[in-house]
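Before anything else, here is the set of structures, which you'll find just below.
Here chain A shows up in two complexes: once beside chain B, once beside chain C.
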Partner chain A sequence: MDLESLTNTSGEWLRANGPESDIVISCRVRLARNLAQFPFPNKASDSVLDEIETCLHDTISKSTIGKPLSYFKVNDLDELDRQFLVERQLISREHSQGLGSRSVSVSEEENISLMVNEEDHLRIQVLHSGFALKDCWNEIDQLDDAIEEHVTYAFSEKFGYLTSCPTNVGTGIRVSVMLHLPALVITKEIQKVFQALQKINLAVRGLYGEGSQAMGDFYQISNQSTLGESEEKIINNIEEVVPRIIEYERRARVALLEENKQNLHDQISRAYGILQNAQTISSEETMHLLSSVRMGINLGLIDDLKIPTVNELFIHTQPAHLQKIQKEKLDTGERNTSRAAYLRKRLNNGTDHSQN
Partner chain B sequence: MKKCTRCDNKPATLHITDIQDGVVEALHLCQSCAEEYFESAEQAPNIEEPVAFADKLPEIPDIEVDSEHANLICPNCGISFAEFRSKGRLGCPHDYISFEEELLPLLENIHGGTQHVGKYPKRAPDASRKQFELIRLRNELNLAVEDEDYEEAARLRDTIKNISQNAGEDEQVSETET
Partner chain C sequence: MDLESLTNTSGEWLRANGPESDIVISCRVRLARNLAQFPFPNKASDSVLDEIETCLHDTISKSTIGKPLSYFKVNDLDELDRQFLVERQLISREHSQGLGSRSVSVSEEENISLMVNEEDHLRIQVLHSGFALKDCWNEIDQLDDAIEEHVTYAFSEKFGYLTSCPTNVGTGIRVSVMLHLPALVITKEIQKVFQALQKINLAVRGLYGEGSQAMGDFYQISNQSTLGESEEKIINNIEEVVPRIIEYERRARVALLEENKQNLHDQISRAYGILQNAQTISSEETMHLLSSVRMGINLGLIDDLKIPTVNELFIHTQPAHLQKIQKEKLDTGERNTSRAAYLRKRLNNGTDHSQN
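Moving on to the complex of A and B:
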């Protein structure tokens, strides 16, 4: 796998083939693990970081992952390529901006990513389309076992898996579900969702990290605590609540249609029209309009475009993707022009020929 | 439960990472402050940050640290409790022992629980003492290199090598036994 070829494809998790994928974009489980015999990355010298990276790269190579992995030495990549991997959800922003020897190994479908020397020595991530947390957990549990056959993890009977930041200690698990909730935003019901989630100790955040609707109506729900409850319990908590939010969003969509279908249809068609015709467009406006169009497809108000294409456009219109597609460095203004051109090309070829 | 960082009054129900002009700020807001935040966020300037799963989770709560505790130092990696509090990151796995007393109220506050429940590594961490020893030696090696004490550095490198190899042999022995 090379980074250039990735600009023509998208990860499995964007294909909208998982359960409830009209509303649930993707789900993710990640585990934080550390090797017992080394200091955590922030307290490790460059040579120790090197040693950790080599040790884990060897370990990953000989572990039974079951799928071929592509290996990227993140500290040798230029800034554009690192940002590209962030946009792709394969590495975290922190990993992209870190110091010293660090790497990521990625499966072909982009479901699996293994980050070495992020905040912890090893961060394992499994990502799937739609609402399929159990699949993520089963897969990551096996990966974790396969790697552990070759290394000794830092672990204590009392505090579980020991992590660089005490907010991850214990199970080291972070379970996240990414939801598209445009109707709850329009009807201003989204606050009630936040309130309900808080009561069961779950965190909500917007796609960019903040919760503004201008960013495309995407919300990520994840567990807050990692110590004191088992992985299964943590996953069950989220599995119980997500269907209720999905139901809530669906009801809000029906209510919007009943209230003023013409108005909603008009808004959605205008959003589609702008995306098909704009000559220059910001990332923010693109997100916002794509969000509208995405809901329009789900409501049957747009019929010549498919969800996987929209999902892919969210990623491919990001700054690093545009520059990789264009094969040159672009400033903000140039990116806005290039983004509009890319959208026109993708949205005006008659019928949508994408998979699914 | 953490208090709202805006009004410092009601409990925080929404935890957000706000990014403005590249400056990252953690916000913990109560219900009414959150509503205000969303009103104002709608006029937020356009920022071209990559779309990413947020992974920065509950910030470590501020709990007063007196000087006696602040000066505690982990004998393995050399981090002080004060340094941990300012950076928010521990230095090595042994810190959970070195600072156990200080960490317990923090963990209780962040997680509710203080006893691990869930998955266990298949191989027991019986070699943990040896592992902590290795962390201490690596820290000393760093200091020796910084001080340009190359004789000491060479000696430490040999010791590290010996212990790592022995650890490897131990593991092989226990594997064939089971």
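Moving on to the complex of A and C:
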């Protein structure tokens, strides 16, 4: 698998075939791990970073995880390719902008990614479509064990796994669920949900992680604390709260339909019409309109389009994806034109020929 | 011809087959005439209005004008039918809301209409598509002569034709040209055009005459004075000024294309997309969006739609037309839904099957 071939597909997490995938886009578990014999990346010299990278690349290659992995040397990629990997959720923004020798290994279906020399020596991530946290956990737990057979992790009997940033010490786990909550945004109940989540120590972020805005009504809910609780407890905590948020969103959708179906239908249809006809469109407006269309499909108000196509369009209309698809560098204005042309092409077939 | 059959057609003036019809929707000449032996309508009793109506109906019936006329007793029509005739420009708003015995006779192609007991005993109107004032004048002049063979008009050697309102005394003529000026509106040059027209004593009004707002970027230019100048002079005056306005509008369109074709194309395409997809839409928004689409067709930016269809949609989406087409009374909310459904039906055939 090379980077170019990825432009024709979309990751497993966008396939919308998991449980509750009308509202839960994807769920993700990631583990932060460090090798005992090396300093943390932010304290390591360039040559030590090289050494860590070589060591972990070897280890990953020989760990039997049952799936072939593609390997990308992130520091050798140009900015566009790095941004492309960020948009696909295969590397973090921090990893794309980091310094020194660093890499990512990605499974064919893009649901496994292993970042080397991000904030920690190793960040293992498993993503699944829909609400399937247990699947993520089982997979990542095996992966973690397979790697640990070959290396010694930095581990303290008292604290657990040691990490570069204290917030990850302990289990080193971050569990997150990406939710599409357009109705709660329209009814303005979303703030109440956030407040409730913060009280139980869960964080809410936008599509592209910390500090990113919640574009397209996508919200990522994740655990804040990694210390003092088992991985299972942390996962269970989120597994219990997500169905309640799903229930709130479903109720808000029903309420919107009951109160004024026509206005909701109008808003959704106009969004679809603009996406099918615009000649220039920003990424932000695209996300906003696709969010309406996505809810419209789920409510049965749009019937000639499928959710996986919409999920894919969210990613394919991102700046780096557009440029990879067009195979040329584009400035903001050119991207807006290119994005509009791409949307027209994908949405004006009459019937939806989903690429998935 | 009955009123119902009109719902399936559109008037001659919407056919967009006249000269300069990309910008000039239609031109119109009307003559105000009164019978010498009767008081003006506002001074006439109900029984006298009856007498006038009978007399003029007889006269119109026997005047050889070479075209069959349909006769509608306006005071016998319900409010919806009267509004329907206003929307088709066959009667004035004043005529629809008047009191006492009054009528209108209409030619099959709807380019001739004769109102009896509007402000004056007789108002003759001839409408043509595009910029064809001379055709209007020749036709109305013959019509006027044919009627005058049977009646004696109120006429003063000193003042000319006498009319109910002093502003019409003299020739009794009003010459008007309906222009579609979207580019001058966008470039904000329209005010300069208005000021120039007012200086040469021409009035500017919206689509539905005096006091009506210029919806859909339609402007009606007409003479103010009817006294002291011959009909030919008045017509020539307007015939000279209109090509200059056309030229301004064309230049504004070219300038918009040169400055930012993409934004203009975007605005036009989005307007088309909204019209094709909205589930509820007001008359005002419809006019505004159709105006963009109409300009888009003329600029070659929309190629699957024809001007006569757009002209027709301007009229068919008016409140009374919608209700006549749906064959039921509809309140504002119902009209907005019905209008959106009608627009979707007419605009989503893929190819334009114009009714004309």
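One rule holds for everything that comes next: the second predicted complex is superposed on the first by the 347 of 356 C-alpha atoms of A that agree within 3 Å, B and C clash if a C-alpha of one lies under 4 Å from a C-alpha of the other, contacts with A are read in each partner's own complex, and residues count from 1 in each chain.
We take it that a contact is a pair of C-beta atoms (placed from the backbone, for glycine too) under 8 Å apart; a residue touches a chain by one contact, two chains touch by 3 or more.
Remember, it's a predicted structure, so these values are computed and weren't measured experimentally.
Enquirer: So in the superposed three-chain picture, is A:348 touching just chain B, just chain C, both, or none of them (first/second/both/neither)?
Expert: In the superposed model, A:348 contacts neither chain B nor chain C.
Enquirer: I'd like to know which partner A:86 touches here: chain B for first, chain C for second, both or neither.
Expert: A:86: touches chain B, not chain C.
Enquirer: After lining up the shared chain so the two structures overlap, which partner does A:284 touch, if you call chain B first and chain C second: first, second, both or neither?
Expert: In the superposition, A:284 touches chain B alone.
Enquirer: So, does A:274 touch the first partner chain B, the second partner chain C, both, or neither?
Expert: second
Enquirer: Which partner does A:97 contact after superposing on A: first (chain B), second (chain C), both, neither?
Expert: neither
Enquirer: Tell me which touches more residues of chain A here: chain C or chain B.
Expert: In the superposed model, B touches more residues of chain A.
Enquirer: After the superposition on A, what does A:36 contact: first (chain B), second (chain C), both or neither?
Expert: In the superposition, A:36 touches chain B alone.
Enquirer: Is A:265 touching anything from chain B or chain C once the two structures are fitted on A? First, second, both or neither.
Expert: Only chain C; A:265 stays clear of chain B.
Enquirer: Where does A:61 make contact in the superposed view: on chain B (first), on chain C (second), on both, or on neither?
Expert: neither
Enquirer: Please name which positions on chain C make contact with chain A in the complex.
Expert: 262-263, 265-266, 269-270, 272-274, 276-281, 337, 340
Enquirer: Any idea which chain A residues touch chain B in the complex?
Expert: Of all residues in chain A, those touching chain B are 28, 30, 34, 36-40, 42-43, 45, 48, 83, 86-87, 89, 92-94, 119, 141, 144-145, 148-149, 152-171, 173-174, 176, 178, 191, 194-195, 198, 201, 203-214, 220, 222, 224-233, 282-284, 314-315, 318-320, 332, 335.
Enquirer: Which chain B residues qualify as touching chain A in the complex?
Expert: So the residues of chain B in touch with chain A come to 13-19, 24, 31, 34-35, 37-38, 41-42, 44, 46-60, 76-79, 87-93, 96-97, 103, 106-107, 110-123, 125, 127-128, 130-131, 134-135, 138-139, 142, 145, 164, 167, 171.
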